[in-house]
Structures are given as structure tokens and as C-alpha cells.
Amino acid sequence: MSGDGFEPRIVAFLCNWCSYAGADTAGVSRLELPPNILPVRVMCSGRVSAEMVLKALLSGADGVLVLGCHIGDCHYGSGNHRTVKRIPLLRRLMTYMGIEPDRLRLDWVSGAEAGHFAKITTEFVEAVRALGPLSLPLREDLDTG
Amino acid sequence: MKFIETRALHEWLDRLAQEMPLIAPTAVGPQEKAPGSRNPAAQGQQVFYREVEGAAQIAWDFTRTALSAREHFMPKTETLFTIETGPDGKAVLHETKLAQPRVFFGIRPCDARGLRVLDAVMLGQEPADVYYAQRRQNTTLVGLACPQMWEDCFCNSVGGAPDAADDVDILLIQVEGGFAVQVVTAKGERLAAGMGLQEVERLELPQPKLNEQFALPTQQQWLASFNDVYWQRVGDRCLSCRICSYVCPTCRCFDVRDETVVTPQGERIVRRVRAWDSCQGVNYRVQAGGANPRANLEQRLRNRFYCKYYYVPIDYAADGCVGCGRCVIACPVNIDIREVLQDLARREPA
Amino acid sequence: MIEDIRALARELLEKGAVKCVIGYEVGPTGRVRPAFVYEPGEVERLIFDGRCDQNLVTYLTRRNKPRKKGEEVPTTAVVVKPCDARSLRVLLNEHQVQRDKVYIIGVACHGMQNADGTPELRCTRCDQRVPLLYDALCGEPPEVLAVRDAYEDVQQIEALPLEERLAYWLGELDRCIRCYACRQACPTCFCSVCEAERDDSLWVGIADRIPEKAFFHIIRAFHQAGRCTECNACEAVCPMGIPLSLINRKIAKDVAQMMGGYRAGESEEPTPLVTMLTGEEAIDEIH
Amino acid sequence: MMDAGRHPNIELLSYSAVVDVQGYVGNFQVRVKKKPRYIDLTKCTGCGECVKECPVEVDSEFEVGLTKRKAIYRPFAQAIPPAFVIDKRPSPCKSTCPAHIPVQGYIALIGQGKYDKALALIRETTAFVGTLGRVCHHPCELECKRKDVEAPLAICALKRFAYDVAAPTAPPPAPVERVYGEKVAIVGTGPAGLSAAYDLVRMGYGVTVYEALPVAGGMLAVGIPAYRLPKDVLQQEIDYIKALGVEIKLNTPIGRDGGPTLEDLRRDYDAVFLAVGAHRSRQLNVPGEDLPGVLHSTDFLRALNLGQEVKIGKRVAVIGGGNAAIDAARSALRLGSQVTIVYRRSRAEMPAIPAEVDAAEEEGIAFHFLATPVRILGENGRMTAMECIRMELGAPDESGRRRPVPVPSSEFTLEVDTVIVSIGQQPDLAPLAGVEATGWGTLTADPDTMATPVEGVFAGGDAVTGPASAVWAVAAGKRAAESIHRYLRGLDLRQGRVFEWPKAADIQVEIPAGIEKAARREMAALPMAERKSTFKEVELGFTEEEARAEAARCLSCAVCSECQECVKLCEAKAIDHNMREEFVDLEVGTIIVATGFADFDPTRLPQYSYGRSPNILTGMEFERLTSAGGPTGGEILTAEGKVPERVAIIHCVGSRDVNANRHCSRVCCMYALKHAHLVREMTGAEVYEFYMDMRTFGKGYEEFYERVQEDGVIFVRGRGTEVRVREDGKLVVRAEDTNLGRPVSATVDMVILGTGMEARPDADQVARLFGLGRTADGFFAEAHPKLRPVETNTEGVFLAGTCQGPRDVPDTVAHASAAAAQALALMSKGVVTISPTVSHVLTRFCTGCGKCVLACPYNAISLNGDGKAEVNAALCKGCGTCAAACPSDAIVPLHFTDDQLVAQIVGVLQ
């Protein structure tokens, strides 16, 4: 791993039907996956609210990855259509507030795309690693008087 | 009569800031804003009581600060203690460090007077709030008298005065070339010893311009008005925000919660947090089980006035309002406490 | 114009068509504030001029809900500027106001003024001079329209380097005291319990620290996506002078750009975040 | 299959399609479109008599195009139900015809030489066969799809042929028996009035038709000159109508000259149909119009047709561009005058039938286009000339035609002594007190039902539309007759009627590849000299050869020609050509989807040369070839009819192929072995089997493989890579033998392609309809690949068979049985268990903003009476999109609540 010892912590929201299955397939296929990915399973990427992304970032995650079914393949028909409106909009707002856009990524992984899952997660971990830790004043005034 | 030249005062303050925390009025925020804005807060920099590094940072010509002195005795947020996992895997409780000696310079007489209510609530009965008590004991108040009553001030109607020395340790009154100094308490004496004060025979103290005094409603009037439709009419306009409580020097409601936070290092910490709360918020009065006796907005708004003028005087024998005028200015829909008081005072006791 | 509003208000109250007229009045210290008129005899209190910049639509949500179960909702008349009408449209779209319980006194707007008489910034980029919906229209609209909003203020922030943006917002949000005046003044923030105030501190705690404040403001803005009509009410009431509109306008700008030019309150279609099922290809954030 | 068809608890909805599915498990509402099969299933005995006279033949789908079938057919011998079906599609000609005469039917019959049947068929719709065959403006021909080959059929001329050849010998009709007591009065004996009379009398009503003129036929009689429509033709057709029992009262105007009034008719009859036509000519409104020598075309033609003496000058100008103008001009020419037509627009905008304009020009009539008279000049009360002005075309007017505008100072003078004005007609409504008129001076009537605002009074034809073509009048008469029938029987005037027919442009017709071009026949015409001087009919009609050749050009777009021959043959009276598509709404608790697979189309892999030789067959085609009921009676023969000596079988065509489908189709190895065995057994031919690897899973399969090896089949391990068609017709198959590691080839007489299974092309629509997911191979997705192979992710919807993935017959039966068992399990329990992951509303927090309602993909959320969101747990699938949309956190997907997810987020970050 990298020289400076920084290991980003990435919260990955994976939809049950495609991306979680894709992660499973990647595991079964014994693909090398970065250990930095901390998966949280949701039934649909449409479940991932802006609150959840922010909560992860403010709770110490260095990046958030949202993975869903490809457009048109949503198990629920239209759930990922909501995601694809919501997450890019949040990404822009975050960037506007001064947080690097590369700390949030939305992508699609189907249940069969083990290689794609490995590629996306590796890419994302490396991108966040390059950015360094997310430094928001999290522990400010912890012992203030 | 004691006197200090402006330059000597500045030098003393600069020295003081090296020795201990010095809190004083100072301008905060970006300068380039919207000077013409209808929102006074948006017009330019606002003055707050903040820790300063020397006299140069102090805002000398200020009317009143955006927030009262309360935030330095009862901070908006304070961590009471934390629980962390120790090296042996057991939980360790860390108590928050208690306050160091400090000087609060430039406090307005009305803000100092507001501390009476906080004292009554936090210290008036056992057990005293240790966090508040420590800050209070370790702080020497150096008051700065108002040269006049500003627009929207009404301290003289609620028993105060722009140059009242009653609640400070030292009071400074600006005069030609410097400040007249009234050392009020023993704590003030100790601080004043280092100030290098001059003794002058006679000093012409300015007479501050006062605003017209008005009569407050009587207790009977308050009692009789509780169920009046009047509160609905005032409540019509109210947005149910908390500006009035948060800018108020005598509001002291708080909430306490235990929170779990994860540090960037991935450690989990539990902390007990105390933060300001306001009776204007809809959740304030919710009881376990969900009942809310003040679910309606006008009930909450009414509570604010009764708290200041009826409950506090009876419960704590203190004046609940010091007439600083902050809520008058800050209310976005112009609910003017003076108007409410005068409306009620005009009413026939039922 | 003022006379038109007063005459209409009197007529509505006399006929019993409405129980209350919400308009503007001048308070005892000369400040303009919302006025609630219940009696025909009181209509002389009502005024309208360039100082009447509050968005009175905010008051409709609570008035359009029965105070007790089964109680009939009274009809309310409200003075509505073009910008306010967009907020009202959003409330109608989201079932917060019953159209037949509101009588809309539309005013042809000549723009609002600052305290120093200069035009309000938001009015210089507004090209609507007549409300999109009203029951009666008072006044004549001016001929000259402002140029449609180009979001120059938002672009200025966007042009800053990332770290300067962060510093800017940390500085601004630092002053926030979580008084929630922004939320309370906002016509389209109408949750009965705001998720930032939950008893269980689900998303944010009660502390007044940067993470909590950032969370609150970002999420409030995000909840306004496709709904904020840029009426500026939040910024106008902030006791700390935080430029909150800059956040909400950023969202409005992005929604318009990413979602087919959607502008909140201009159509009966609610926010595209829950209605639109197309346009994915236009969103460049997808890799 | 037979058992299923006979089972009392199984209702088969064949020839049907599901068009909508609503609801949820236990409570599905399914809407099924039953396509009209035109055969009553309860009556059809499946005897097959009907097929005998059917004139239409198309490729048989079941025999994969190896044989033909008729338009009325049984899809295959063992079909369930065993009933027949008529393949009937919309035809552009019938759709376009205002009277909807079954064009394709009489053309098919003419093509078979059944002229009397053709005439009878047309007479089912209209009595005016010979008339329309002469004067119709035939919009059908504009839409005839044959125009995409070379030219449309001469439909109108064929109709005339049917009449000319069959009518003289047809026996006169017997009067129709009265069925109903009601009597109907019809005003006007034009095509509208008599068409209504014809239909009503055949329904069994008493019909009396009033005519103001001394002759019947309306404009057909007095507006159209004899050279276009000989008097005897029209008279014979009117006599035919009269013979059915229609009473015609000539010389009896309504509301004037002592005739009965409309009120009288309403009193004396049960319904009235006004078809008074448009006989009043429009005025020019120019100075000099009152000079003698200014005539109106209606008056002129009426006088001519009634045999009255008409005086016209030597130089005649006819003003106008409609059919009446051309008729007037050509009639004037025949009276010996020199004729000029003056028309204010250009030739392209002329409303007259183009062939008529051409004929007029041939006969020597001059045209002045883009000109209009401004005044008529006279001297001593005699006409000397007409002054005209030139026009140019401006912007289009409301009729879509470009509006002519005068060119300033472009006046010119024509020396004429007679002007015949023919710029439009109006009905004369003055005598019809009590009816409503439009701004155009026509009668007000519903364009669909012909009903007027007056109770019991209907109106149609030119009187309503303004002057129009005869076929429109026929159509109006027919519509009015149906409406009057409904009115008299107390039925709804509209319910169940089709007023809008499919637009010809929307009718897709596949023109057969390799169709040979054949020129359109034109009728012979009278010699020019005779044409110019007499009123003899100009067009002479088709000869029999011409007619049959022309009829043979028909593409049979409609497949069924509606010749009604089958109806006559069916003893069970099971055939109903008027059947319409029906919608059946079903309430069901569970749904089993068993839509099957699609056979891979090998033309997508051109290396196999499929379609380039008739001896390259798909497995399915070979299967038909070996069937006793197949095209060769079960013999394995090449297209040349010979027994093949060498046959190659190629496995994995369209399967296990990155260029087609990646999946294994599972059944092809075994059917290929079966084919190899059959070929060996039945022909003794050498068989080469090209395979990748042999997949003989299943009971007895490997044993069969061994047996086929013992049969002497030559197995080549390697995918067949190419089939080349040699010039001598032999087929060369190339492959790489991976056992030998070198390329091999075989020259054979027949190639069987082991085509695989793939998802049906409409699988995406079906998936959407039933809320199914699909796997990467396109087949429907099961709920779990191992544990829930027949369930889908939509509760209550199960999969059976190859729609879920390739499988052979035993597996399909097992799968289907499993699906049935699953469905039965639900039924027997009567309650369903759903996943507990459903959303739940915390009403305290809900503001009723409705965002969750919009975001829910399942319409599971609605706002209740209190304005709060409410989740129908049976519909909710637990995706949680609602929760992400809710700003108040008022809706929580159980097991994925905000609290639980936040705990997870915080947990993973620890």
C-alpha cells in the first residue's frame, strides 16, 4: 500500500440486486478488491439519501461510493432513476461547499460485473487516497471550556 | 474618582491578553456585504463578545453585540464529559477541563444584569451547576457604560440604566481623554490594581440620553390576559424561530444529550453534550409519549413573555428582561416586546 | 395599488368570503411587517410598496391545516408577489394548501427595495412581474423587465479554488446559531418535525458545531432541490447575516441545468427529483 | 394439451394478449385483448369445410414457410382449441373507402372468375355497383399498396367489370320481408337517400323515398352526363332497389308546390332521413351576371339529362374546376361548342378527378388556369365577352389549398357568348322548415351518426357536407340507415360503432420479396370523333382477361378477402366476419408467465449461408420435414426432391457464440443427435456432426449419444465455422477439428443448423407488463437462481418453461408443474406472506407532501383522507426510494430504516 500510510475509508452503498451481487461475484471470482471499501447494503440505490452520504462523510469516511443497477435494469424499475438525479446533484453541492468531488462517486455495477466492481472500487480508493484524508473540523472543541 | 487614559487602557489590555484570556467586543465576519439590506445582520460586520489578542481588535463604538454575554458563561454547546475506550479496553470517563481565570472586558451593563437570572437558575439552588459556577467565579467583568440608550433599548423601563454599575466588577464610563473607572467589587479591586489608575478630584460624567420610559403590565394584567385572543393575533405573525431566545441575555434553556461520534481515527467516543434550547421550538415541550402542551405557536410565543415578566420574577425574584432590545431588532417579523408590554398594560384588568 | 388591495380586502371580509386577509402593514417603529386583518374596519392598516419583501405564503401552510381534527379550514386571502406565487405553486403541488381555501390577491410587482432605496438584488434578476396564479390582480405591471437570472453570485463562488470555498463556508457557517429562522421563514420548509431536530439525534446532534451546522444547511438546501423558488426569505431573516441564498440558488441552478430547465413553482409538476425518469444521459457526473 | 383444453376449470383465452396488469398478489386485475378470430369457438366443429373455397393463400407459420395455408386456417393439426381462425388484417383499400366496400374480397373473387359472387359481395354493401364503378373518385386507388411496386390496382374499373359482366344475367331480387312495423321517410333519391333506403329495406323496415324531380337518382341522374354514366345503368340499379320493396314517389317535393311538409313526414313516419342534395348553384357576383347566356352548370346538366332543349352559343366559357365544371364543359363540347374552362387556381388544385381533366383536355377543351372573371360584357342585351383577371397563389387557406389572389392590372378579355358558372352548390333548405343550418348553408347533422338536432330526423349527403363525391353520399346513407335502425330500436347511436377506420398510412403491409412487376391495365375508350359528337359512354370497360390479370395484381394486404365464401360453406354457422376485438377483464390471484422462447434466426450469422440455399435448414425446419404431417409427408428430401447422400449438422448456431448469444441453449445437442439418428435411419446418408462439446445431461441421453455413435455418424469436434453454397448446389461445411488440430471440410447435400433458443423479441414489453426482471441473456429473471427458480421478484407471478431460460421438454414440464404448484400453494392458503421489508409511515412526521407517492415505483403509496401518506404493504416491495425522497424521515422501510442504516454507517467506520 502507499508510502504515507494513509488508508482511506470508503463507505460503499451497494444495492441488493446488482451491486451487492456484483461484489459477491467479485469475491467468488477471487478478484483482488481493496480492503478500504466498507459496504452498506441497501435494497436499491434509490434508498441512498443525501443524508446518508453526508452522514458517512461527517462520521469519518474519506469517500462515499454509491453503486446501483444499470439504468433500465433496476430491480424496482425506476429506483436508480431517482439516484441518478440525487447523487450528482449532491456531488455538485458538496463541491460548491468545498469538498472534493472525487470523494463521492455514483456508478452502476450489475450482478455479473465482477471485474467492473473490482475496477471501480480500486479506482475510487486510489482517487481518494490521492486526495488524502477528508479534514473537516470534526473534533473541534471536544474539550472546550 | 478614578480615571484611566485611553492609551493606558489599551496598553493594559494588551498586557492582560498575554496573561489570560481576554474577552471583548470585536467585529466579526466579512466586511463586504450588503450595506443596504433590510436585514441588519447582513449589512456588514457584526460585533460579538469574543476572545481578543489586544486592544486593537476591540470594537469600541458598538451599540450592542449580536449575541449577549451569555454565550461565555453558558456556551451554545459544551461537552460535559466524554467516555472513551481506554488502552485496556475498558471505558474511561473524561471530565471536561474547567475554566481558567479570564477577563470579560466591555460588557454592557444590561448584559451583566442579565447574568443575575442565569445565576439564580444555575447557582440559586443545590446542586449548583459546576460548569457555570467555575466560569462565573473565574471571570472578572469590566463593564463599559453605554454613552446613551440606543434605538430599541428600554433598560430604563425594566429597572436598569445605561451606566448601571450594579452587576460588574469594574465599570468604565467614557469621558474626555479616557475613561472614568468605578471599581465595584473586591474581584474588581484585584484586577484594577494592575491597571495603573489615576485618582482625579472631580470628573464630569456625561449624562446618557434616555429613551422614554413606559409602564409594565401589572401581575393582575398578566394573569388576566393568559387566555386572551391577543396571543393568537401576535402569534399570527410569529415564525416560531428561535432568534429572540438565542440573542437574549436571560434565556437559559438547554438540552442535554449523549451522542456517539466516530473520530477520524475510527475511535468511537460517547459524549454528553449540553446545548442551548428554546421554548419557541415545537419540540421543546414534547413529553415522553408524544403529548405537547405547547403544540400551538401562540402558546409558545406567549410563554416567552410570561417567562420573562411573570414566572422569573416570582420563581427567582429577578427581573426576567434587561431591556437590551436585541429581540426587538432581530425579530424578522417585528414582534416588538415593547409593543406587547404596552398593549397589555393598557388593558383593563378583567 | 394600495387602495385596490384595501378595497378588495374589505369586500372579501364583508362578504365573509375570507376569514382573514394577510398583507403588509407598518409597525409602530416604522418597520414593515406582515399584517393579519380580520375585520373590514381594519383594512386601512394594509399597505403595499417596495418594502414589502416578506413572503407571506409561508403563513399559509399552518393556516391551511385544521387546528383540531374535523375542524373546517377557514379561507384566507393573501397578498402575493410574483416570486411568492411560485412558492404557493410549490405548496399547492405538495398538497400543503388547498386552492379553494386561499384567495390570492396578486400584485403586479415593481421590485422590492433595500433599506437604502436601491433595488433588491434578487429583483434585478427576476423577469416575472405578474404572479403566475392569482384570483385578483392589483396594480399595473411595469413594462421593463429585468434580465433573467444568470447566477453570477453563484458562479463567483464556483470560480474559487476548492480550499477557498471551504474556508468561505466554514467562516460563514461558524456564525450560525441554529436558531432555524431560515427554515421557519422558508415557505417550502414545512415538515412538522425537522429531521435536524429529532429527539434521537439521528442525523445530527444538538451541538452547535461545524458538522451539525454544515449538515443542516446542506440538507436543507438539498431538500429544496426543485422546490426552492429563490425568494430569499431564509437569508433575509438570518440574524447572523449568513448568505444562505447562495446555497439554495446553487441547487436551483443545478436543477435547472441538469433536469431540463426545471424551475420550481413554474409548473404543476413537482420536483424532478421524484418525477423525472429521463435525462440521465445529460448528467455528466456519471462516469 | 387436449386435456388442458377440455378441463372444466381451465379457460383458454387463445388468440389473445394481455394488455395491462394492475394490482398485486392475490388481487391482480388483468386486461386481456381477445383478437377477433371471426369464428365462434362454441360452434366451430373443426371440420375444415370452410377452407375449401378460400381464395387467399399465404405462407404457413407452423410449417415455417415450407407450405402455404389459407386465410381461414387452423394453426396446426393438434391446435387447442381445435377451431379455425381467420387471418384478417386491415386493408388500405377498404379502410379508405368511405363506404368501406370489401374491395379485396371482390377483387379476389374476380381473380378466381367468380364474377356473380363478386357482384353479390359488393351488393352486400351498396346497390350502386355499376354506378360507383363508373363515377367514383376512388380514393382507394390512391392508397393501394401495389403503388409501392409499380402502380395501384384499377379498383374502380374492376368493380364496374363485376357489374357489367354479372348484373345482366343476375336474377332480379325478391322483395325483402318486413321485419319491423316502423316506416321511414327519405327525402331525395340521390346516392345518399337510396343507399339509406337500400340498407333499411334490407333490415326489414318500410321505406318511402320522396323525389321532387320526375326522375330518381339525384345528381347521379341529373348532374352526371350520360357519357360518364349511361342512364340505363343507373336505372337498373334503382330498379334493383325498388324491387326489394322501396317505394319511390317522384315529382313530390317536400315543403313546397303542394308536397307534404317535414312536419307531415315526422307525423306520418317513424323516422325521416333528409338527403336533399345540393342543387342550388352559387352566384359569381360579378357585373353582367344577369345577361342572357349566363347559365349554371346544375341547370344546364339537369336540362340535358332530362332531355330538355338547351341553347348555348358557339364560344362557351365554363367557370370552375370541379367535376361539375368538367361535366358541363365536356357536355357543351358534345353540343358542338368551342369550350374554355376558367379556373382561379392551378391544375394541381383542381378538385375534379384528374382522369376527367385529362379526358377533357384530350377532347380539345381549352384551360385558363389562375384566372377569374371580373365582369361579363354585353352589347344590346347580348353577351359579347368576359373580362378576367389573372391570379397568383398566396398563403394556404383553411382548406389547405393556396388561396388565389388577383395580380393587379392583369385583366384580359375572352370573347364568349355563353358562360356556364360552376363554382359550387348549396342545398336548398328553404322548404325544410324546422331544421338547423350551418354557416355554410348546409344542414346541421352529427358527422358520425347523421342525427340532426331534431328528434327522429337524420340528414346526410351533399345537403350536410356540401357538394361531394357519390361514394361519400353512399357512406352517409349507410351510416344514417344504421343510426335510424338504432334509433327505432332504442339503441345507443354510437356504442360499438366504428367511425374512425385505420388510416391507410398506418397499415403496415409487407410487400413480398421478389414480386414481379405487372403494368396496370387501363380501359379502352371510345374513338375521339365519336366522343366529341355523341353522349355515348366514353370508357368501354375491361375484357375478362384484362380484369383477371388486373385482379391478380392484388397483394391481398388484408389476407382475408372477406369474400364470405367460407360463411356459405360453414354448416355450423360459426363464422362471423363482423367480430370485433374484445377486452376481457380478469381478476386473478396469481399469474404464470409461459411465453416461451424465440428460435435463433441464423441469417444474423451470414457465414452459415442460411437463406442462400433451400437445403440449409434450421433444426425446427428439419423437424417439420420429418413429420408425417409435414410438407414431404415425413420423407427426408432435399429441395430438389432427392434423398440426400451426405448431411452435415452444425451445433451451437447462435449459442455459446460471442457474436450471438453467450448462453448454451441446452436442447440442441440432443435434438441434433436425434436428427442425425433420423437421417441415418431413414436415408442411410452419411452424417457429419460438428460439435463443440457434447452436452448429454439427463436421463438416457448419454446412452442415446452412444447409440448414435454406433449408427455410424461421423462426429467432428469443432464448431462449424462456415457453410458455402457451391455453384452446383452442393454445400461445403468448414470447421476446425480440434482433436486433429487442423481444418476440415465436408461437401454435403443438406445442412441442418442447430439453432439455439433466445428470449422472445417482445420480452421487454412482457417484462414491463408483469413487472419482471430479465437476466443478461434476455430471459426473464427468476427470484433466485437456485432456491426460487419459478418465482419472480413480483410476488404472485411465476415463470414456466423457456421464457425463463433454455430447457428441454421434460425440464419444461417439471418447471411448469413447479409453477403450478407454487400458484396452487398460494390459492390453497388463500393468504399470502410478503417480505417484511415494506415501508411504514410515521404519521406524526408526515406532512402529506406526496413526494413518496411520486417516487414509489409500485404506486404502493397514496395520500389518505387525513392528507397523510399510507403504504399498501401488499404492493410495497421495500426498495426504500420513498424514504430517500421524504424530507421529514416520516416513511421508513422496515429493516432498512434510517436508524439502522446510520448505525451501519457508523459501525463500518469504527
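In order of appearance the chains are A, B, C and D, and numbering begins at 1 in each one.
In the analysis below, contacts are C-beta pairs under 8 Å (C-beta built on N, C-alpha and C of every residue); 3 or more make two chains touch, one makes a residue touch a chain.
It should be emphasised that the depicted structure is a prediction, and the values quoted were computed from it without experimental measurement.
**Student:** Using CA atoms only, can you tell me which chain is the most central one in this structure?
**Tutor:** Smallest offset from the overall C-alpha mean is found for C.
**Student:** Pick the pair with more C-beta contacts: C-D or B-D?
**Tutor:** It is C-D, judged by the count of C-beta pairs in contact.
**Student:** Could you put a whole-Å number on the gap between the CA centroids of chain C and chain D?
**Tutor:** Going by mean C-alpha positions, chain C sits 56 Å from chain D.
**Student:** Could you please state the distance in Å, as a whole number, between where the Cα atoms of chain B are centred and where those of chain D are centred?
**Tutor:** 85
**Student:** Let me have the rounded angstrom distance from the C-alpha centre of chain A over to the C-alpha centre of chain B, please.
**Tutor:** Each chain reduced to its C-alpha mean, chain A and chain B end up 45 Å apart.
**Student:** For chain B and chain C, let me know how many angstrom lie between their CA-based centres, rounded off.
**Tutor:** 31
**Student:** What are the residues of chain A that contact at least two other chains?
**Tutor:** Where chain A meets two or more other chains at a single residue, that happens at 9, 51, 55, 59-60, 78, 82, 86, 138, 141.
**Student:** I need the residues of chain D touching at least two other chains; which ones are they?
**Tutor:** 844, 855, 885, 898, 902, 906, 909
**Student:** Residues touching two or more other chains, restricted to chain C: which are they?
**Tutor:** Expected reply: 192-193, 195, 203, 209, 273-274.
**Student:** Once bound in the complex, which stretches of chain C touch chain B?
**Tutor:** Residue positions touching the partner: 20, 27-29, 31-34, 36, 51, 53-54, 58-59, 62, 67, 114-118, 121, 171, 175, 177-181, 183-185, 192-193, 197, 199, 201, 205-209, 235-241, 243.
**Student:** In the complex of these two chains, what residues of chain B are touching chain D?
**Tutor:** Residue list for chain B touching chain D: 260, 262, 266-268, 290.
**Student:** Name, in rising order, each residue of chain D that touches chain C in their complex.
**Tutor:** On the chain D side, the touching residues are 844-852, 854-855, 863, 867, 885, 887-890, 898-899, 902.
**Student:** For a test of understanding, state which residues of chain A touch chain C in their complex under the given definition.
**Tutor:** 50-51, 54-55, 58, 71, 78, 81-82, 84-101, 105-107, 136-138, 140-141
**Student:** Using the touch definition up top, name the residues of chain D that touch chain B in the complex.
**Tutor:** For this pair, the touching residues of chain D are 844, 906, 909-910.
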